[in-house]
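Below: a set of structures, written as structure tokens.
One chain, subunit A, links the two complexes that follow: it is found with subunit B in the first and with subunit C in the second.
Our next item is the complex of A and B:
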């Protein structure tokens, strides 16, 4: 049994799943548009939350947040389910597939057999769409892969019930109802405003622009505070969070820039084109930051590739982003 | 020098591939998951080097991923961008 579902490759899993599921129900929204409309852009350095025993840094909003906000803003009805029992979780998935409903699942990507070993690490927030089953194999639209993939019942079960931080606990979600016609402009404006407020006005030192500056200060201290070996582990975790989530080191800043570019036409606000360029410049700095971190981790750093330089770049990122958000709040 | 040769030199020099020379890397061998031993952190360096050396912006990571199969696929991507 296989649902007629169009697999389209995307850069990031949740925005890709969101865009592909909506496309299945006749709403053609690009991945960047889903990301922006869902207020996916974020920054948080959360040293009190550990992933693989290292501080969590996030460059995007909470998991599931993009899908929740996009569907709410567009007036879609969604069903979310979590399970204690793996058997019940797999049975519920089969039931929906039998009804012809493509189902998104949250998984631990490490356990998906089609992931190349070089790109595997324990990360429990990987989203994909299951849209068929043939024998023991599920047919999967994993948005970060070029074509449909297959995964056995056993492997998918393991991935849906991966253990560790932010365990997916069998989470699955699907669209129950999608309006035939929607006005995208209000959703776009809401998406932009929420990102700006969150990045500029969240209280506390670890979130948004203040969080980027806080991390800049921390990164500079790491070699002394943690010792060289542990400092490298911290840097490795930081940049893996940027790169392995499909952002090319830019921590979703290129995707937000692409969204602003599209939004300029959609909400007839040409100033967004210039702000899109400014955000691309910020993305380039994030990428340079990640490249330096990579060189440190791999033992190929030159004289300019230092923790100090990483801190400086982070402060430049904070300056650039703050300026874009302030302007956006004025014009949107 | 062909794009392939230049890319192989970049790999060897910038990624510190001490066990390889440009001549010992095959144009069609897998960049990741094969004997070169590259991982996602190396991918980041390659993206950066392509931008710097060929002046080609790589912002769409789904495109970049497809190009990162081998030296030949990456060279084809660069060539298409240079001509486009």
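Our next item is the complex of A and C:
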């Protein structure tokens, strides 16, 4: 049994799931649109939270937040469920599939057999849509992969009940009701404003623009503070958080720029095109930062590839982003 | 990023699959395009795997010297800590820690062994043995 579901590959799992589910119910919303409306853009450097004993850096909002905000802003009704018993979780999934409802599940990446080996880390924030079952196999639309994938009952169960930090606990969610007619413009405005406020006005040094500047200062100190070897691990971790599968490039900055461009026509504010371009420039700078970091990690650094240069680049990113957000707040 | 600058440095994707990347075309419009990978992130990913493999290799040596039970190697190979393995196996942390020693491990009941074997998706026989040398979980590195 297989639901007629259009799988469209996207860069990021949660916004991709969101866009694909809404598309299934007749709302054609691109991934970038979902990302923007859901205020997915973020920055946080949280050295007190450790991943593999290295500080956590995040370029996106909290998990589940994009889907929650997009559906709320569009007036959809959603059902979220968490389970204690794996058997019940799988039975509930089967039941929904029988009713013809595509269901999104939160999973851990480690146990999904179709993941390339290089991606198999204990990472519990992966979203995918299950839209069919044939024999023992579930048919899965995993937004970050080009085509539909298959996964056995046992593997999916394991993935849904992955353990560790932010364990998914069998979380599944689906759309119960989607309005026929929606006005996207207010949702877009709300999405943009929330991002700007969050990035500019969050108190404390670790989040938003201030977080980027804080990181810039820290990066400069790393080689002295941690020693060369450990500093390289920190840099490697930063690059992975920024670029590894699911960001669309430059830690979501390109995706946000794409959203601004789309939003320009939607809310009839041509200035957004210019700001989209400015955000692309910022994204290019983030990429440059990763290039230098990559060279350092590989031991192929030339004279200009220093921690100092990385810090300067980060400060430029902060400047660029701050001016984009300030202008956005004024025109949206 | 311009569309002709989208990197195609294959590394982490081990087959012909590509990931989606946002890039700007000649008219300045954003389009989705496929990227096979990018060197800086391949390097960063390789670095992460080096750490995992180093830990697993060291664990294997310890098992071979008889200072730890095979469970210790399997745990390291699967990037698990004692806490994580305890949660997966449904066994207390202290008992997992104990089972990492050769003696207590050898006294495990068949049911106890089965619990661990199921976590790693291997047979009890495989659980009790370790390979000659550690093979990286990520062939692309």
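Everything below uses one rule, namely that the second predicted complex is superposed on the first by the 328 of 332 C-alpha atoms of A that agree within 3 Å, B and C clash if a C-alpha of one lies under 4 Å from a C-alpha of the other, contacts with A are read in each partner's own complex, and residues count from 1 in each chain.
Rule of thumb we're sticking to: a contact is a pair of C-beta atoms (placed from the backbone, for glycine too) under 8 Å apart; a residue touches a chain by one contact, two chains touch by 3 or more.
Predicted model only: the values in this text are computed from it and were never measured.
Kindly say whether there is room for both subunit B and subunit C on subunit A in the superposition, answering fit or clash.
Here the two partners, once superposed via subunit A, clash with each other.
Which partner chains sit in contact with A:148 here, subunit B, subunit C, both or neither? Use first/second/both/neither.
Neither partner.
Using the superposition on chain A described above, determine whether A:10 touches subunit B (first), subunit C (second), both, or neither.
In the superposition, A:10 touches subunit B and subunit C alike.
For the three-chain arrangement built by superposition, which of subunit B and subunit C touches the greater number of subunit A residues?
The partner that reaches more residues of subunit A in the superposed model: C.
In the overlaid three-chain picture, which partner chain does A:163 touch, first (subunit B) or second (subunit C), both, or neither?
second
Once the shared chain is lined up, is A:47 touching subunit B (first), subunit C (second), both, or neither of them?
Neither partner.
Taking 5-13, 59-67, 77-85 or 95-103 from subunit C, which overlaps subunit B after aligning chain A?
With chain A aligned, subunit C clashes with subunit B through residues 5-13.
Do any residues of subunit A touch both subunit B and subunit C, and if so, which are they?
Comparing the two interfaces on subunit A, one with subunit B and one with subunit C, the shared residues are 9-11, 116-119, 144, 146, 236, 239-240, 243-244, 248-250, 254, 257-258, 280, 283, 287, 290-291, 294-295, 297-298.
In their shared complex, at which residues does subunit B touch subunit A?
Residue positions touching the partner: 14-16, 32-33, 38-45, 47-48, 58-62, 64-66.
Which residues of subunit A touch subunit B in their complex?
So the residues of subunit A touching subunit B come out as 9-12, 116-119, 144, 146, 236, 239-240, 243-244, 246-250, 254, 257-258, 280, 283, 287-288, 290-291, 294-295, 297-300.
Please name which positions on subunit A make contact with subunit C in the complex.
9-11, 32, 52, 110, 116-122, 144-146, 163-164, 167, 232-233, 235-237, 239-240, 243-245, 248-250, 254-255, 257-258, 261-262, 276-277, 280, 283-284, 287, 290-291, 293-295, 297-298
Please name which positions on subunit C make contact with subunit A in the complex.
Counting only subunit C, the residues touching subunit A are 1, 11-15, 17-24, 28-30, 32, 34-35, 38-41, 43-45, 47-49, 51, 78-80, 84, 87-88, 137-141.
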